[in-house]
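Single-structure report; data block below.
Order as written gives the chain letters A, B, C, D, E and F; numbering starts at 1 within each chain.
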Amino acid sequence: MNDDRYVRGWAKLKEIDGQAGENVIESLQDIAPDFARLLIEFPFGDIYSRPGLDLKMRELAVVAALTAMGNAAPQLKVHIQGARNVGCSRQEIVEVIMQMAVYAGFPVALNGLFVAKEIFSQEAAA
Amino acid sequence: MNDDRYVRGWAKLKEIDGQAGENVIESLQDIAPDFARLLIEFPFGDIYSRPGLDLKMRELAVVAALTAMGNAAPQLKVHIQGARNVGCSRQEIVEVIMQMAVYAGFPVALNGLFVAKEIFSQEAAA
Amino acid sequence: MNDDRYVRGWAKLKEIDGQAGENVIESLQDIAPDFARLLIEFPFGDIYSRPGLDLKMRELAVVAALTAMGNAAPQLKVHIQGARNVGCSRQEIVEVIMQMAVYAGFPVALNGLFVAKEIFSQEAAA
Amino acid sequence: MNDDRYVRGWAKLKEIDGQAGENVIESLQDIAPDFARLLIEFPFGDIYSRPGLDLKMRELAVVAALTAMGNAAPQLKVHIQGARNVGCSRQEIVEVIMQMAVYAGFPVALNGLFVAKEIFSQEAAA
Amino acid sequence: MNDDRYVRGWAKLKEIDGQAGENVIESLQDIAPDFARLLIEFPFGDIYSRPGLDLKMRELAVVAALTAMGNAAPQLKVHIQGARNVGCSRQEIVEVIMQMAVYAGFPVALNGLFVAKEIFSQEAAA
Amino acid sequence: MNDDRYVRGWAKLKEIDGQAGENVIESLQDIAPDFARLLIEFPFGDIYSRPGLDLKMRELAVVAALTAMGNAAPQLKVHIQGARNVGCSRQEIVEVIMQMAVYAGFPVALNGLFVAKEIFSQEAAA
């Protein structure tokens, strides 16, 4: 194992996704613990740790892509929260999702907005 | 016709997509001229003209989404050029495309990078 | 704002989607009210109001596309009801969904049929 | 082999797709001749031969779905020609493709329109 | 009707999908009974009955595809169970799903693993 | 850098994809050399090097997924060749692609078969 990547990835995952990210890792332990490790090492240890694009832009890019693809609602939820965690405003998140209507249609944009609504409500309640 | 949206959209389309955008509009005239007008009015007159997200972030979000969807290479090309037109660095564009390997797989990320390579080569030649 | 498009779109949305459409608009008010307006103006005010294709054909085309894409179940539900509202028979809807097995596979066709079954049951109960 | 389905499917394939359909069947002979037979039997012998939806509506539904999915340009081309063969007007085809901008985004609608433009040009030249 | 294909398909469906497959057929009876018949005849009577690829490889291929597409969770569930029914080990299934992270991204792989976790838990409980 | 993963991945990439894989790595050097390294390390060093699934099954799973997704023709080509390199028969490859008609529709299966036809022709010519 490459300890550096793992340690760096784990810190980055917690910085971006917080408790929701830790829950994903935990839920993999009894089905595919190696995948939990790979998820920490490659996306977070390798990609998110790179310079050249700040975390706010990275999270908005993920929100854009997952909204447009429309086939991964749980991960969109984690990353809308992640976008908030790294400092994106509600307005920025809503604007990115709305913009996806142009590139992937109104249905996926609507579904993205309803996920954002759920996350923002949880924030207001907390 | 809502002249304000059209005028605002046309200016925005030229600001972002430049000559490539004008070529798309021109190429629609003999098949669906109304769609050319709608393309100017809704994406550019309505969406890109909104406050709350700057054009650099908007273009990186589009590059992310079109890379991830992997089914619209001509438009990805236009928007990688568009990202350059509004001030995104080559590094930012490359980072966003690389990041899509995490969310939509290595094949679409590779194909996105090869489109970027083509655009950057044209810049170097110009 | 272009009042004509909004008024025309709102009437068209109610004609096609009925209460389900109004519910979507209402549910957007606290997250993205501008998107509610754009949804009325562009899809309904601009596109559905165009001549050249009657509403029955338009709704069957949407049912075909949303079934095939398989990533927008709530909107497929609204538009199967919409197809009924504008005069499509149950048989026409079922035939379009079945045909999608050829173009997008049996899983999305099955999932489309189960959405139709739910809508038709609600009709029978009403 | 079920001769009825094959004979019925072959006639239906020629009615809808004409020479382009026959070319597809021919091009499969040296790689997967059984798939050529299955393609005649299931889509054309089983599905297109069903009552309850006329061929014009069936072809517009396919044009809608293939435009929206955006990952099968050769088949979209065959079916835009097929739509013409069974009596769809150019306007109907253009309207269906334009409508897909609402459900699957402007890029796939643009690419669909450019395929239609190519088919209509070939008609004009013939 | 081609009785041979139907009888052969029905036996194959029960061999692969077991009770879950029979439930799908049953649930179609009041909405599209013809589709139930076509589902037995084409996928199971025509395709799964072919020589040249054993059922274990066929089921792993389906698990791969449905994981990657990410838009048909109920069918992925049926086929993970189907893979188990025809002799695939849990490890083989988990490896195929993990591998899809490379080709279609981590979100669809995660969602596939959680479906597998559910199926394996039901086995343990049974 | 984790030299073990890189060395192991590079050997695995050459074993599976041969010259076509090396060409992909080479073509990335002037646009995203880090992505070339990540492509060697994660898919090939981490995933393909895992026990529990032999390379033949892994390559057939990739052929299934890329055929079904239908949005990455260059990579499908590389992996049909890869499947041949690790010992899959032409018949196995054709069967997997044909089977995708059931799960993702006839158009993507047809396009996959035509890619296989091209690869098999090159083999025959070599």
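We adopt the following convention: a contact is a pair of C-beta atoms (placed from the backbone, for glycine too) under 8 Å apart; a residue touches a chain by one contact, two chains touch by 3 or more.
It should be emphasised that the depicted structure is a prediction, and the values quoted were computed from it without experimental measurement.
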item: Between chain D and chain E, the fewest steps along chains that touch one another; value: 1
item: Chain separated most widely from chain F, comparing mean CA positions; value: C
item: Interface numbering overlap (same over half, different under half) for chain E and chain F; value: same
item: Winner on C-beta contact pairs when B-C is weighed against B-D; value: B-D
item: Between chain A and chain D, centroid-to-centroid distance (C-alpha), Å; value: 39
item: Chain centre separation (chain C, chain D; CA means) in Å; value: 23
item: Gap in Å, rounded to a whole number, between the CA centres of chain C and chain A; value: 30
item: Residues within chain D bordering two or more other chains; value: 34, 38, 42-43, 47, 50, 66, 68-72, 75, 94, 98, 101-107
item: Chain contact graph, described as a line, ring, star, complete graph or other shape; value: complete
item: Interfacial residue positions of chain D with respect to chain E in the complex; value: 2, 5, 34, 38, 41-42, 46-47, 50
item: Chain A contact footprint on chain C (complex, rising order); value: 24, 27-28, 30-32, 34-35, 38-39, 43, 66, 69-72, 74-75
item: Residues of chain D touching chain B in the complex; value: 69-71, 94, 97-98, 101, 105-111, 113-114, 116-117, 120
item: Chain E to chain B touching residues, read off their complex; value: 68, 101-107
item: Footprint of chain F on chain E - complex, ascending; value: 42-43, 47-48, 50, 52-53, 57-58, 60-69, 72, 75, 89, 91-92, 94-96, 98-104
